[in-house]
Each structure stands twice: as structure tokens, then as C-alpha cells.
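Shared between the two complexes below is subunit A, which has subunit B as its partner in the first and subunit C in the second.
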Partner chain A sequence: MYAVNIEPHVVGPKGSVLENLIDVDEHYVAEMQDRALVLAEDPLRCQSLPHMTLAGWDLLELLMEQQALGYPEHFTLTRDGDKWRWINRPLGIDDSFTFGDVSTLPYGPMEYITRQSQGDFCILDQRDGNLWMDAGMVTTQADWSLDFDIGMNFFEWHAPVPLAHEKGIFTRALKFLTNIQQGKPARRLNWTMTINPRLDTSPENYHKWGPDRATVTPENVGDKVHLRVELQSFWRLPRSNGIVFPIRCYLIKMDELVTQPKWARRLHRVIRDLPEELADYKGLTRYRATLVEWLSKLDDGSPTSAGFGPD
Partner chain B sequence: MSTGTTKLDVVVSDVVPVNELVTRFHFRRRDGQLLPTFSGGAHVVIEMRDGERTRLNPYSLMGSPLDTREYTISVRRDDVGRGGSLFMHSSVRPGMEMVISYPVNLFSLDLRARKHLMLAGGIGITPFMAQTAQLAADGGNFELHYACRTASLGTYADELTERYDRRVRLYHDDRDERIELDRLLSSQPLGTHLYVCGPSGMIGWVRDRAAALGWPTETVHFEHFAAPQPGAPFEVTLAVSGKTIRVGEQQSLLEAIEAAGVDPPYLCRGGVCGQCETNVIAHDGKFIHNDHWLSEEEHRSCKKIMPCVSRFDGGSLVLER
Partner chain C sequence: MAAKSIISRPVYGTLSPQPGKHHLFVADAEGALAISDLAAKAPAGFFADAHIIFIPGNDGKHVAALEALKPAQFYQGPTFASALPRLKQTLANAHMGLRLYLAGTEGLIGQAMQVALEAGIDHTAIQTEHRGSLARRIQCVHCKGITENVTTQPATCSHCGLLLLVRDHYSRRLAAFQGVCINAEDRSEIPPTEEIFR
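Entry: the complex of A and B
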């Protein structure tokens, strides 16, 4: 039901989303515009408690360095002591600022850089043997709210997850995360499903996307239903000793997914056999039967090979 | 998934005697690049190749986190210890190539604090060197009380006074000066966090008084590296790897396990981080627990041991390693 799928976050094959540790893809400009629209409507998607500014600078350094390293044609970072210059060509940005001096940037350091980086970002403060959701930029989430979770600890913000507390999963996960070391990031994948290719499925906007779940029919499954995969990575931040937890969301519609017979077979079995509590938690209940029926026609019963790559 | 941390190849760039007991060591990266940024309170593990023997000892980084051209540590010579500090003092010279770990912070500042009240005893001053530098650079509010035996053994007392003036208060044992702890702990503004690093007697005293005076435990932070103590040799069977090893008088159990080619995870090697926690399968004898990780109940249960600092006295011990 739950699999431990944590592994070191190291560079993967060329052309994959793991080619660089912070992935920038062809949706970059559109996703950044989408983020700006969400923030204009709801500024509380970006929050940083007063003690988290230093961690924001840590994140700014990490994202600038990683994006410049992976995509030198798009991003350039020049450092001369604390005098930094950041060039972001796709967004037409060329800013010089003093690292550590908030007055030299148009936003706080976390907001500044996460308006220029794909994916959501949670910055966790580490203290008292726990992790605390004390800052974040969250505009592309799967039905959870930063404004609700801000200031909560690891067990509190995971409280709604079914069946995992009893299994001791969060106690073990916390032990692992509080021991994440600088220079040794880790990653895991998480998944759910989303109707229509919508990044912002927040509780705040439930009225906009929730009713979509009632629109799934056998005829439109392939186009409307999307598998939503989150690439979550975990990084120790050097100055603040916090942890940053980027959550990068990728969506694929069923019509595209089933172009790989292995993926069609496997997804059919996973959705069919998912415990009801998990299906409810992931919000699949209303269209699950329709989806399983549609996928079942693509499952010939043959075994699926290990790993998530196509055959 | 991880044994220790990522390693850094460094060269000793300077060795500076500080006083009759303490020497400071400077490290730079061999490739000339900057070292990783760190946070005040972090330590690195220094690998010491001493002939056949490898020691891995943790030392607090004491330079400013704002300057990562070099790392500095200060080592107090311990003439009756297991030899790590003696090796550093007698064998490490400028130009020598060494391997150290990435920084790890188990004594982090709580950045929510309105004020940081720091109490140091002896060589316990080192993490505060980095923390005060970090706080001072950002206008942070701190106060440092530093107890040392004599003025000449007050490592870095002059530098600290010069840098921070009235924010530093010194206490000399030979002049019978004592930290007025109860008065200090009773007169702090709300939102103060307390940090203590020094001999274990001092840490215990400060924690006890803070608890008695109503300080919430989340506001009391301490760095409690117990260096492994030497002791009588003993034999251990490692059930998973099928090996029987002998732990020498000057060796820690963790070092003996590593010498046998088994690599348990570790971070602090001082009994506080919990990484090397090991299950006991069978035993016939007495445990000598020296860690600060397991609870007293766990110590009494004889089901777990922290091999980095704890030992065993008896007929046989079988561990799940």
C-alpha cells in the first residue's frame, strides 16, 4: 500500500526530468505566469515566518546555483563576495543585489527566487527533534493549504494521511529527514490524480476544480483524467540548518499514458486495488469506477516489468 | 543509506598554538574551491590516519560561517584521552593532506529567539565562536558567559572581548569567579533561548537549574559530545556479518566494528545523534553506557547500545551488526 521509495537525489539520464537536480522544462514561462496569477489572487500562498529569512537566502542560493548549472543558456549567476548578479533570460530579468540584504531585492529572498522556479517549495525549520512548516511558496498543490499548515510540525501537517501513522511511517520518515546531510539530498515520488491539466488544485480554489470530478464520463476519461506525479526532494540548507522540500508536479493525461502498454496495465491494477481510504484521500472516489473500467480494456493480464521506465 | 557524510579533501593551511593546551588548525580545500557554507554550531569529523589506526573525531567549526575560504577548529590536548588530540598536536603540520566530513549541525541556533544566552565552559567555547559571528553579522541579540580555569587558559577570551565587548562576560576559576546562574536565568526577557557547551558537570548544572526555574525544555540547548572513554578490552560478536572482534583499550566499539570492515552509519561519534544505535541480541555482563541518546530506561533494558561511546564488561556480547 505504501512503499518506501526514498533514494539519493543524484543526476539521472539525459533527457529525463532527473537530468538536473532542479528541473526546468518547456513549461517554465507559462508556469511562472500561472504562479504570478495565483499569487495576485491569493497572496497567502507565499508565507515566511520571521525567523525563516535566512533559510530564504539559503534557498535563493540553491536555486540560482542549480538553475545556472543545469541551464547556462537561460540563467547566469555571478558572485563577487556578497555582490551577486542574476540573469534570467526566459523571464527577462537582470538583477544585481547584495546577498543577505533584503532591501536590495523586490521581494523577500524566498519569494523572489520561487517566482522564478518551477514547483512548490516548503522550507522546514528543524528544532526540538521535529520539522516545522515555517515558510513556503505553494501554488501548484494537490489539495493542501500552506495557509492552514503554516507553523505546524511534521506530525500535525501529515495528520490527514490515512493508515500511515499506525504503521509508524511518519516516525521513521522524520528520523530520516532530520538526518539529511548537506551535500546529500534525497528524493521520493508521490502521486494522485487530477481532472483537467490544472496545477492549482488548492482547497482555497476547490470551487473551481472540485466539481470537475463529476464531469468524468467513459467518453472523456482519456482526455480529462491526469496522473499527477510529484517529484519531492529534500535538501539540508547550510546557513539556517533548515530543510527545503521542493514539490515538483508533472501531469500526464490518460490518452498519453496508455501509449505505453506497461503503464496502462500497471495503472489499471494500482487504481483497481487501492484501499478505499487511500482512494478517498486522493479524491478519486467519484470517478474511480469509470477510470478502472476504461483502463481494464488495456490490461491484457501480462506481468509488468520492474521500474517505471517503459518496456 | 548513508554512512557519515560526504567527504572533503583538504590541506592543512595553518597550525597555530593558542595557549599551553589548545592548538588551532586551519583547513582549505585541495582544489582551491570554497568550502561548503555552514551554520554556527556545526562540527566536522576529522579523519586521522595514525599508522595502522584510523581515528574519526568530531570538532566544532569555530570560524565565521560567512568566510568559507577555510575551516578552523581548536583542539585541546588531552594527555589521558585515547590519543586523537595528541595526534593532532604532535603529527599534524601545515601542508598535510587530510580528509574531513561535510559540516553537520547538532547544536543549531533557534532562530526564533529574541535573545541568545550562551554559557561556555573551557574548550566548549568553540561552537560559540561561530554562532556569535553568525549572529553579530545580522544584528542578532546575544550574551556570552564564559568560564575558564585561568586567564591564560581562556581560549579566545581576548578576541571575543575585543569583538563583542560588554556582550561577553568572563569568569576565572583561579580568581574564584562563578557564573551567578540563578540570577542570570531569572532575569532574562521572554523569548530568550539558552545554550550551554562545556564539561558534562556544567551542562547538567545548567539544565537542572533552568528546569527548576521554569525554563521550557525547548528553549534549553546543549552540546554534549562525550569523547569515547578508554576502558578494558572486550570481545563482541557481530551476528549479521558473522564476525568476532576485539575492542582494544584505546579503541571505541564503533572503531573496532569499522576496523572489521563493517560500516554502521554515524554522524557525531559522540553519543548524541543516534545514528549508530545498535540492537543487542545477547549479553552476559555489564554495559557501560556513556551516551546521551538512549533513555535511562533503554540503558537499563540492555537491548540497545551506542557503539561510538559505550563499552561492555563481561563474558559475551552479541550485536545485530
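Entry: the complex of A and C
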């Protein structure tokens, strides 16, 4: 049911989402515009407690370095001591600033760089043997509120997750995460499902996107129901000793997913056999039966090969 | 019935006298009884260094019992809001050795703790004891408004009017439980309202 599926975050095959450790894809400009719209409507999606500014600079450095490394045609970072110049060609940005001086950027360092980076970002402060959710940019989340959870420790913000506390999942995960070393990031995958290709499935807007769940019919499953996979990575930050936790979301509609027979078979079995508490927590209950019925027609009962790649 | 409790839900203890130079008590209504019980276990002269901030509520009981403890300072106020400036000033001027004790309703404990956290006191260093009403203070996750003294499940947001599921998920920073629209997926579903946080 649950696994602590954490592995080293190392570069993967060319052309995959793991080709670079911070993935920039064809949705970059659109996702950054989507983020700007969400923030204009609800600025509380981006918050940083006062002691987290240094960690924000750490994150700015990490994301500028990684994006410039992976995509030199799009991003260029030049440094002369603390005088930095950042060029972001897709968004038409060319800014010179002083690293460490917040007055030289139009936003705080975390907000500045995460308005230019795909995925949500949580910055965790490490103290008292725990991790504290003390800063974040969260506009593409699966039903959790940064505004409510900011300032909580690792166990508190995971409190609503069913069954996992009892199984000791969070105790083990915390032990692993508090020992992450600089230059050795780790990753895991998480998943849920989303109706329509919507990134902002926040609790703040639940009353706006929730009704979509009641619109799933046997005829529109393939187009409306999406598997949402989160690539979560964990990085030690050098100056603040914080951990940054990017949550990068990918959506694939059922019609696309079932083009790989292995994926169709496996997803059918996963959704069918999911414990009810988890199905409820993931918000599948209202359309689960419709989805299982639709997927069952694509499951011939043959085994699926190991790993998540296609056959 | 509310869902079974979860880790973010605060756990309260029993007040007991702590070593310290000054003792600051904040209590409402039946929280006074927790202070009286502590007094029975306290060493002689304990209240000579104590400051009690008390919000008796509508029935005005327990004031005489607290005054009889002869604290160095005693204040009674009509509401938590009226006591807030005094509480903030006391914490701002506090020195090492101040101990904080909170007793009464969850709303009182939560809001006093919120002020203490802002003043830099670690929540694990604060003594708490729940007495009296189980009424909850909730934040509507949608409009961000706080609704006080919620006794029902579900509850109506006093700001935006959405019907909210009152969760056990609790934020010390906001001093509030989380309220999430209970019928967001289909507004025509109106679950029955039960009074469960009395």
C-alpha cells in the first residue's frame, strides 16, 4: 500500500523527465503564466517566515545553476563575486542583482526564482530533529494549503494522511530526510488523480474545481480523468542547512495513458485494489467505479513487467 | 461523529507549578478551576510572583476564588480581545524565567499560545489544560475568515457562508482548526448538522 520509495536523484535517460535534475519542458511559459495568475488572485500561496530569507537565496542559487546547466540556450547565469546577472530568455528577463541583497530584486529571492521555475517548492527548516514547513511557493498542489500548514513540523503537516503514521512511514522518511547531504539530492514519486488538466487543485479553490468530479461519465473518462504524478526531490541547502522540496506535477489523460497496455493494466489493478481510506484521501470516491469499469476493459489479466517504464 | 484524532490536533495536559521567577496565567471560564487545582499543589509564596489574566465569560463565576490566591497582579476582562494588549505587553517585557500557563477553552488556549509564539516562546514550554466548552475556532480555507465558537459539524462560515467540514487538522500559527467546504462537489448535498463540539 505504501512504500518509502526514495532513491538518489541522479540524471536519467536523454529525452526523459530525468535528463536534467530540474526539468524544464514545453509547458514552461504556460505554467509560469498560470502561477502568476494564481498569485494575483491569492498572494498567500507564496509565504516565507522571517528566518527563511537565507534559505531563499540558497534556492535561488540552486535553481539558477540547474536551469542554466540543463538548458544553456534558455538560461544564462554569470557571476562576479556577489554581482550576478540572470538571463531567462523564454520569459524575457535579464536582471542584474547583488546576491544576498533583497533590495536588488523585485521579489524576495524564493518568490523571484520560483516565479521562473516549474513545480511547487517547499523550504523546510531543520531544527530540534525535525523539519519545519517554514517557506513555500505552492500554486499547483493536490489539495493541501500552505497558508494553513506553514510553520508546522513534518508530522503535523502530514497529519491528515491516512494509515501512514501507524505504519511508521513518516518516522523513517524524516530520519532519511534530516540526513540528506549537500550535493546528494534524493527523489520519490507520489500520485493522485485530477479531473481535467488543472494544476491548481488547492483546497482554497476546492469549491470551484470540486464539481468537476461529478462530471465523469463512461463516455468522457478517457479525456477528463488524469493521472497526476508528482516528482518530489529533496536537496540540502548549503548556507541555511534547510531542505528544499520541489514538487513537480505531470498530468496524463487516460486516453494517452492507455496507449501503453502495461500502464492500462497496472492502473486498473491499482485503482481497483486501493484501500478505501486512500481512495477517499485522494478524492477518487465519486468516480472510482466508473474509472475502474472503463480500465477493466483494457486489462487482459496478463502480468506487468517490473518498473514504471513502458514495455 | 468527527474523524478520529490526528497528530496536528493539540494535546492538553494538567497544569502543574513549574520552576521559574514569574508565573503568567491566562484562563477563561472554567479554566479558573485548573488554576485552583494547581494552587493546591503549589509551594508557599508561589502566587507572589504570579499574574493572572482571566476572562470569566457570561456567568462571571470564579473571580473570587482566583483573587483569594493573592496573585501579584490580577486582571479580569470581558473578552480575549480586550485582554490582548495587556498580554502582548507582558510578554514583550518578560525576562528569562517567566512561565506561561493557559487554561480553559481551546479558543482561549490557542489564541494565547499564538501570541506567545509570536513573542518567541516555544510551544512545548507552555503549560496547558483544557476545561469547559469544546467549541472550536475554525479558519475557512476558502475565504480565510475565522469563525469563533463553532459547536456543530458541519458549520457555516460566518464570512463567506460556505458549509464547512470542521477538520481535526489544527494550525498553532492561526490558532484554528481547518474548515473545508463539505459539499463542494455537489452543492445540493446537505448533510445533517449535529452539535458535537459543546
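The working rule: the second predicted complex is superposed on the first by the 311 of 311 C-alpha atoms of A that agree within 3 Å, B and C clash if a C-alpha of one lies under 4 Å from a C-alpha of the other, contacts with A are read in each partner's own complex, and residues count from 1 in each chain.
Just so it is clear, contacts are C-beta pairs under 8 Å (C-beta built on N, C-alpha and C of every residue); 3 or more make two chains touch, one makes a residue touch a chain.
Predicted, not measured: the structure shown is a model, and the values here were computed from it.
In the superposition on chain A, contact of A:Leu54 is made with subunit B only, not with subunit C. In the superposed model, A:Asn20 lies in contact with neither subunit B nor subunit C.
Judged by the touch definition given at the top, the superposed model places A:Ile150 against subunit C, while subunit B stays out of reach. When the two structures are aligned on the shared chain, A:Ile6 is found in touch with subunit B, with no touch to subunit C. In the superposed model, A:Asn220 lies in contact with neither subunit B nor subunit C. When the two complexes are overlaid on their common chain A, residue A:Arg286 makes contact with subunit C while staying clear of subunit B.
No residue of subunit A lies at the contact with subunit B in one complex and also at the contact with subunit C in the other.
Those residues of subunit C lying in contact with subunit A across their complex are 6-9, 139, 141-142, 144, 162, 167-169, 171-174, 178, 180-181, 184-187. The residues of subunit A lying in touch with subunit B in their complex are 6-8, 50-52, 54, 58, 61, 100, 125-128, 175, 179, 181-184, 186, 238-241. Contact residues of subunit A toward subunit C in the complex are 44, 145, 147-152, 155-160, 165, 203-207, 210-211, 213-214, 286.
For subunit B in complex with subunit A, the residues that touch the partner chain are 1-2, 5-6, 36-39, 41-42, 65, 102-105, 108-112, 134, 137-138, 218, 267, 273-275.
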